[in-house]
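Okay, here's the structure, questions in a sec.
We call the chains A, B, C and D, going by the order they appear; numbering starts again at 1 in every chain.
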Amino acid sequence: MDTGQEGRMRLPEESCTLVAVGAGPAGLCAAREAAACGVRTTVLDENDKGGGQLIKQIHRFFGSREHGAGKRGFEIALELAEDCANAGAEIRLNHRVLGFFEDGRLLVEGDFIYVLEAKAVVLATGALERSFPFPGWTLPGVMGAGAAQTLVNVHGVLPGKRAVLVGSGNVGLIVAYQLLQAGMEVVGILEVEDRVGGYEVHESRVRREGVPIYLRHRLLAVEGLEGVEAVLAKDLEKGTVKRFHADTLCLAVGMIPQAELASMRGCRMVFVRELGGFIPWHDGDMRTDRPGVYVAGDAAGVEEASIAMDEGRLAGVAALEDLGALSPNEARKRKEELKRRLNLLRGGAAGRPRAMAKERLAAGWRHR
Amino acid sequence: MAEKEMRVEKHPVLGVMGRGRRVTIFLDGEPITACEGEPVAAALYAAGRRVTRYTRKGHEARGPFCMIGRCTECSMVLEGWGMVRTCMTPVREGMRIWTPGRKGG
Amino acid sequence: MAEIMSSEVVVIGGGVIGAATAYYLCREGAEVMIVEADDLASGASGACDGFLSLQTKALGAHLRLAMESAKLFPSLVEDLEVDIEYRPCGGLILATSQEQMKELRARAKALSAEGLEVEVLSASELKKILPEVGKEVKGGSYCPLDAQVNPISLTLGLAHKAQEMGATILRGCRVENIVVTNNRVREIHTSAGSIHSRRVVCAAGIGSNQIGKMIIVDVPVLPQRGQILVTEPQEPVLPHIVAGAEYLGTKGNLQALLPAEEEAMKLGLGFTAEQTKSGNFLLGSTREFVGFDSQTTPEAMNAIARNALRFLPWIKDLDVIRSFAGLRPCSPDGLPILGTVKGVKGFYLATGHSGDGICLAPITGKVLSELVLDGETSLDISPFSLYRFK
Amino acid sequence: MKGDWEKVWEEARERPVALVDCRQEIPCNPCEEACRKGAIRVGEDLCSAPVYDPGRCDGCGRCVALCPGMAIFLLDRRGGDGQAEVTVPWEMCGEIVEGERIWAVDGKGKVLTEGKVVKIKWMGGRWPTRLVTIRIPEERALKVRGVRFRENSVGSSEEVDQEYDLPEDYPVCRCEDVSREEVLKFLKMGLRSLTALRRSSRVGLGYCQGIYCQEQLRKELGMVTRRSEEETGMFKVRPPVRPVKLGRLGGVNG
């Protein structure tokens, strides 16, 4: 490439019909729908592997056959990526989207920087692990539970020898289990509430391995010089303080939807507690309030991977419908089927509040 | 912590974990054994090195926090390139990385 | 809302000009209320660089104003409780052609004649104070009085100090109307209630035109977008504030110094660079008239980056972590609009600083306070009258 | 003993049968898919708990391997000698070999008894699960949910006697290293908008673009202004949302 001095190099421009940002379950499924329908589709992802956060999930998944239930997360990731590519979508890994401008253009960094224009953009940018500040939270060895999971399951490296987890939701339970699987000791799981947040089956799995779950215990601080050496927690029942000797502290206290590109694009953002925070407003078909912009998966509200898949498919179908690539009748049929499945996935006690939030969104979402 | 203890050799689900060939990288000039293709941050962890930077204001140690390229806590200087997020940067033989803010480095 | 407030002086706008005006008014013991539609420094003052550059000012009154302003900064450092990150670092303007060098030489001579010390440096002389510059750079001019400040801290510091001295700051408060009876300002209607006041200073930046309309005066201020890139923080490596000669060209519309490239012309591109106290490089900038759109654009980001590398190629490995754009309150000739308006007593203008607001804030505040309280100023501000345009 | 399990208990005298210990509403049906005999039904409503008919179960173990909750086990009482064989899914590190002795634990991790490993079998696709069969006294058999080598790690904490003094100041913003105290200082000055607070305190102006500290800053501001999170709003998002080399952005070192 030109060295810039004399080179009057402009940003290269490129166009395609549908772009999915994020090659996780939502983005891959959206792109697959589009590509299978003959639409020129590109998937962008900043990682060197497709599949999003599924690649670090080594446990078998809930859901039903359409979601690869009973298979392990990384296995599902491989299949989704393969399906998507086989359908004809171009998956560009190591491509970072730097911006999504109000005029609809994307600024992308691959081997070079370029501008990408598309008639439809599906934002499937996922979520981020929530964290909160406390004394010592910046010490090396304090990390997101997902970060520890990435280290052990993707890279085969232990984050330390002895871990304390904070949060007994499904993520905390599963990660605790997976740290044990990789050979780490899990000193305990701290839970500020008086009951375990995750499913009983997951709770049972870690308990069987002898991991104590400390209910009504609040994380106070982490001690250490240049890394975690001990974790302090307060027993809210007794009012006493416990010190745990550990070199790793994993935070599993929820996820925050990552839809900054939607915000930059000018999509209306709404705060939905049940779905993790600020998300782009979207209708029942995953359309945002900006024409040609769709959202799916955790970026549209933190839920399960199986839901992300069907939301991705739904966004894909809605985009195809808007592009005129699918007859209204066919689109309706497919959307109904996907919505039926989504309703089933959100059927349990854990899913109901999310189902209701999604309904309120589709109905317009006004301040209560 | 010795490297051998930090690397998962045989995993009950994943089996023997596939790794790139052993290469040497340099952390602040000191040689470290790493596996080609794995993220630099993982290689450092495997070598028992958790500090990736020191803050400018308080000279506090920081380490990888998200491992997916978002928190930027693992950013280090890769010689000839500048600051990189080490959790997103694959190991290549002979690469030299420097800990930002490290005193006497 | 029923609440009725009153104040001796109302300052519309919580940007650097409004804050400085309030500060100097309070120092004279006036009772002041700042009415700000959003929050302090939420407009151009919070979206600009911290250049306090004297050698880029227009010759004549503008330069004199800037030189007077520059003298006030050290006293602010003393008086304000917020660290305004003032650094008397000196400033460089770099030329990339012999033609530009010629222009810089001519300007240096003219500036010196007006009392501003400016030194012209050959390429080799330049090397002594800025070792690594691009191959294109042929030399430059250096002004030791140029300096740097943190514009947000400055605004905050001034407003905070004014508040300590008794000023009231109404945030999130929009001015809806100004009541004038018998040719005199009487009352200001705001979203938070009415304020009785006989003196109003309009320091509303790009909102000034709208404020003017309330008293049926046309204040010719248009928003001009300036985009800036921010890099990751670095150890201090850039000793001075640095601009390209084309910055002078696009700023002062000087034919001989305008950029050659069509795209750069369209963007009003001019190179600026400073390293802030926090270590980040701020790289600028553009001059675009696009209404109230304060988005940054891929073209400008690319152009600013490319342009910056012509001057400082060694920063190519720095990570850009953010971009932002501010809307400069731009007057037709790029000079501020200061003073009274005909037919409406008690209404004062302090606006149209066109990108020089940070630099000119202290002197603007000072002369406005004099004007409001005494009716006359220690410095002749007639060249900045609104009526110069008619 | 619950009705179902009585039936399991009886059937297990004839052949190995599954014991399905899944009661919660989980959107999941691999057990139904796994069973070739139609012994497990979830039905249309994915979240309903599985309905299991031990009479149709042939004890193949596929559901044991595939259940994502690891909540299905096998019971085999064919010996009729007061001993039972229980099969559990097992995916822990380390090795189990046939013939060795191991703890049998219940769903809470409590050690029930010691048992002997009689069979190890791999099942469940390309990345299978080990099904470990142990032999234990039959009165404990219905309670077994897992096996384990190690003791509970309870006791690895100590009580801190003295009133623990928490450090009061710690960073809110990791990138810019801004403490909570500093944020409060700016709030005290009267800043009331998220943007102004961000620009002044520098919380959220760092490398990560404020994605970690934004929530915290919103909380602090909300406490002072009594505004909801939605009203307090979000940071304005500016490109680039990922760090990019200036040279790249300017098109130099491609």
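By our rule, contacts are C-beta pairs under 8 Å (C-beta built on N, C-alpha and C of every residue); 3 or more make two chains touch, one makes a residue touch a chain.
A quick note: this is a predicted structure, and the numbers were derived from the prediction, not measured.
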Message: Using only alpha carbons, which chain's centroid is the nearest to the whole structure's centroid?
response: A
- request: With centres defined as the mean of C-alpha atoms, identify the chain lying farthest from chain A.
  value: C
Centre-of-Cα separation between chain C and chain A, whole angstrom: 43
- line: Cα centre of chain A to Cα centre of chain B, whole Å, reads 24
Statement: Distance in whole angstrom between the CA centres of chain B and chain D is 27
Chain D: positions in contact with at least two other chains: 91-94, 127, 171, 174, 176, 206-207, 209, 211-212, 238-240, 242-245, 249-253
- prompt: Which residues of chain B are in contact with two or more other chains?
  reply: 8, 11-14, 56, 60, 62, 65, 69-70, 75, 81-83
Query: Residues of chain C that touch two or more other chains: which are they?
result: 232, 296, 298, 301-302, 306, 309, 317-319
Task: Select the category (line, ring, star, complete, other) that matches the graph of chains linked by touching.
output: complete
Query: chain B touches which residues of chain C in the complex?
result: 232-233, 279, 317-319
- prompt: Which of the residues in chain B come into contact with chain D in the complex?
  reply: 8, 10-14, 55-58, 60, 62, 65, 69-73, 75, 81-83, 85
Residue ranges of chain A in contact with chain C within the complex: 4-5, 8-11, 99, 101-102, 105, 107, 113, 115
Field: chain B partner contacts - residues on chain D that touch it in the complex
entry: 90-94, 127, 129-130, 171, 174-177, 206-208, 211-212, 242-243, 245
Field: Residue ranges of chain D in contact with chain A within the complex
entry: 21-30, 33-34, 44-47, 66-71, 91-94, 105-109, 124-127, 145-146, 148, 150-154, 156-160, 164, 166-167, 170-172, 174, 180, 209, 211-213, 215-216, 228-230, 234, 236-242, 244, 248-254
